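What follows is a set of structures to go through.
Shared between the two complexes below is subunit A, which pairs with subunit B and subunit C, respectively.
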Partner chain A sequence: MKKLTGLQKQVLGLYRGFLRAARSKGPEDRKKIESYVSSEFRNNAKNVERKNFIYIEYLLRRGTKQLDQLKTVETVSTFTVPSRSGN
Partner chain B sequence: MATISATSVRFGSSLKLSSRTGQVTGRSITSVKFVSVGWAKNGFPSLRSSSFRVSCAAKPETVQKVCEIVRKQLVLSPETELTPESKFSALGADSLDTVEIVMGLEEEFDISVEEDNSQNITTVQEAADLIESIIQKKGEA
Partner chain C sequence: MALRAAILGHLRVPVQTLTQNGRALQSWNLLNLNRSMSSHDDHLDKQEVIDRVVSVVKSFPKVDPAKVTPEVHFQNDLGLDSLDTVEIVMALEEEFKLEIPDKEADKIDSCKLAVEYIANHPMSS
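Take a look at the complex of A and B:
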């Protein structure tokens, strides 16, 4: 793999965080979370312009918030699909 | 002098073995690969110490397990060839897949991989080596 930029490392770190958090949920929730998170990350990886740092940083912040929420809240229902704006 | 010629004979035979076995099972490949790696990386005179270190690297069971997880994670077809030296990226894995592989390994081996380390893993062999070193450290702690 090529050397990763700081931003890429942050994104991967966030992804790890999500997968970690998903482990603490029940098997069914976990599956749901994992498939949602995975598709979200892959979608953005494909569709977000690589140089659109401001948007990527925004997504990172939003993701971090969602992760915090996921860690504290027992249910998955609060983990709603946000409508994607821009891009 | 006697020892040197003895090792050279062994290497000769194991190298022949690698070409003969081709791609049967992960286990036979890995054991052969260890030998050939040590042979290629290190010069002849230092063979004894180096081959000791190489054989210490990762157990075939670990490599085997890692292979299974990688297969599962990347949804590789059974006929896809997977050797310890296979690069994840060559198998079609992106960085997100690599994260997933490492997470899968963590669960399987009940370990925790540091973030910095996880991004340096590019092959099955590297993963297996890292896992063993972590397990070893855990045992000592």
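Take a look at the complex of A and C:
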């Protein structure tokens, strides 16, 4: 495997964090979170320019905040609404 | 009354086993059965780990099950990306009831490494 950069590791770590957080929810919420998170990450992986570090770092910070929110919140309703701060 | 009887009946069980403990333990050791009796603190059989890892990877939606071998590399051989690899490692965590720290999880990129990690992990079950 190609060696991962620090930034890539952070992204994968965040992805793992989301999947872990999803596990602690009910089966239905879990599925919703997993499919939302997976499509977000895949979309960004496809569409964000690899060298656009500033934007990737911004997405990382935003994702980390959303993950913290997801961990504390009881339901996923606030999470599944399309993000207001988007693009 | 029924509850009381049930509790008493239950309580008697450990007392009985206690009296036989010495002999029972001895015969287990003789027959080398203590392995299958204990719940953790000894490792899973390596072949069992291999079989379960392979079957988890085979059941991953994007994977062609025919291509999965105990040595298969997730990205080079199965055409998966790094996000898929994270998902597979997470699925393996669930299968073996482990939590793999990020640092270790980042290294697992093939069935072979997964088997190695899990077979050597004392909490795998």
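As a working rule, the second predicted complex is superposed on the first by the 79 of 87 C-alpha atoms of A that agree within 3 Å, B and C clash if a C-alpha of one lies under 4 Å from a C-alpha of the other, contacts with A are read in each partner's own complex, and residues count from 1 in each chain.
In the analysis below, contacts are C-beta pairs under 8 Å (C-beta built on N, C-alpha and C of every residue); 3 or more make two chains touch, one makes a residue touch a chain.
Everything numeric in this text was worked out from a predicted model, so none of it was measured.
Once the two complexes are laid over each other on the shared chain, residue contacts for A:I54 go to neither subunit B nor subunit C. Contacts of A:S38 after superposition on the shared chain: both subunit B and subunit C are touched. Of the residues of subunit A, those at positions 1, 4, 8-9, 12-13, 15-16, 19-20, 23, 38, 41-42, 45 touch subunit B in one of the two structures and subunit C in the other.
By the touch rule above, subunit C contacts subunit A in their complex via residues 73, 75-76, 81-83, 86-87, 90, 94, 102, 105-106, 109.
By the touch criterion given at the top, residues 1, 4, 8-9, 12-13, 15-16, 19-20, 23, 38, 41-42, 45 of subunit A touch subunit C in their complex. Contact residues of subunit B toward subunit A in the complex are 88-89, 94-96, 98-100, 102-103, 107, 115, 118-119, 122. Put simply, subunit A touches subunit B in their complex at residues 1, 4, 8-9, 12-13, 15-16, 19-20, 23, 38, 41-42, 45.
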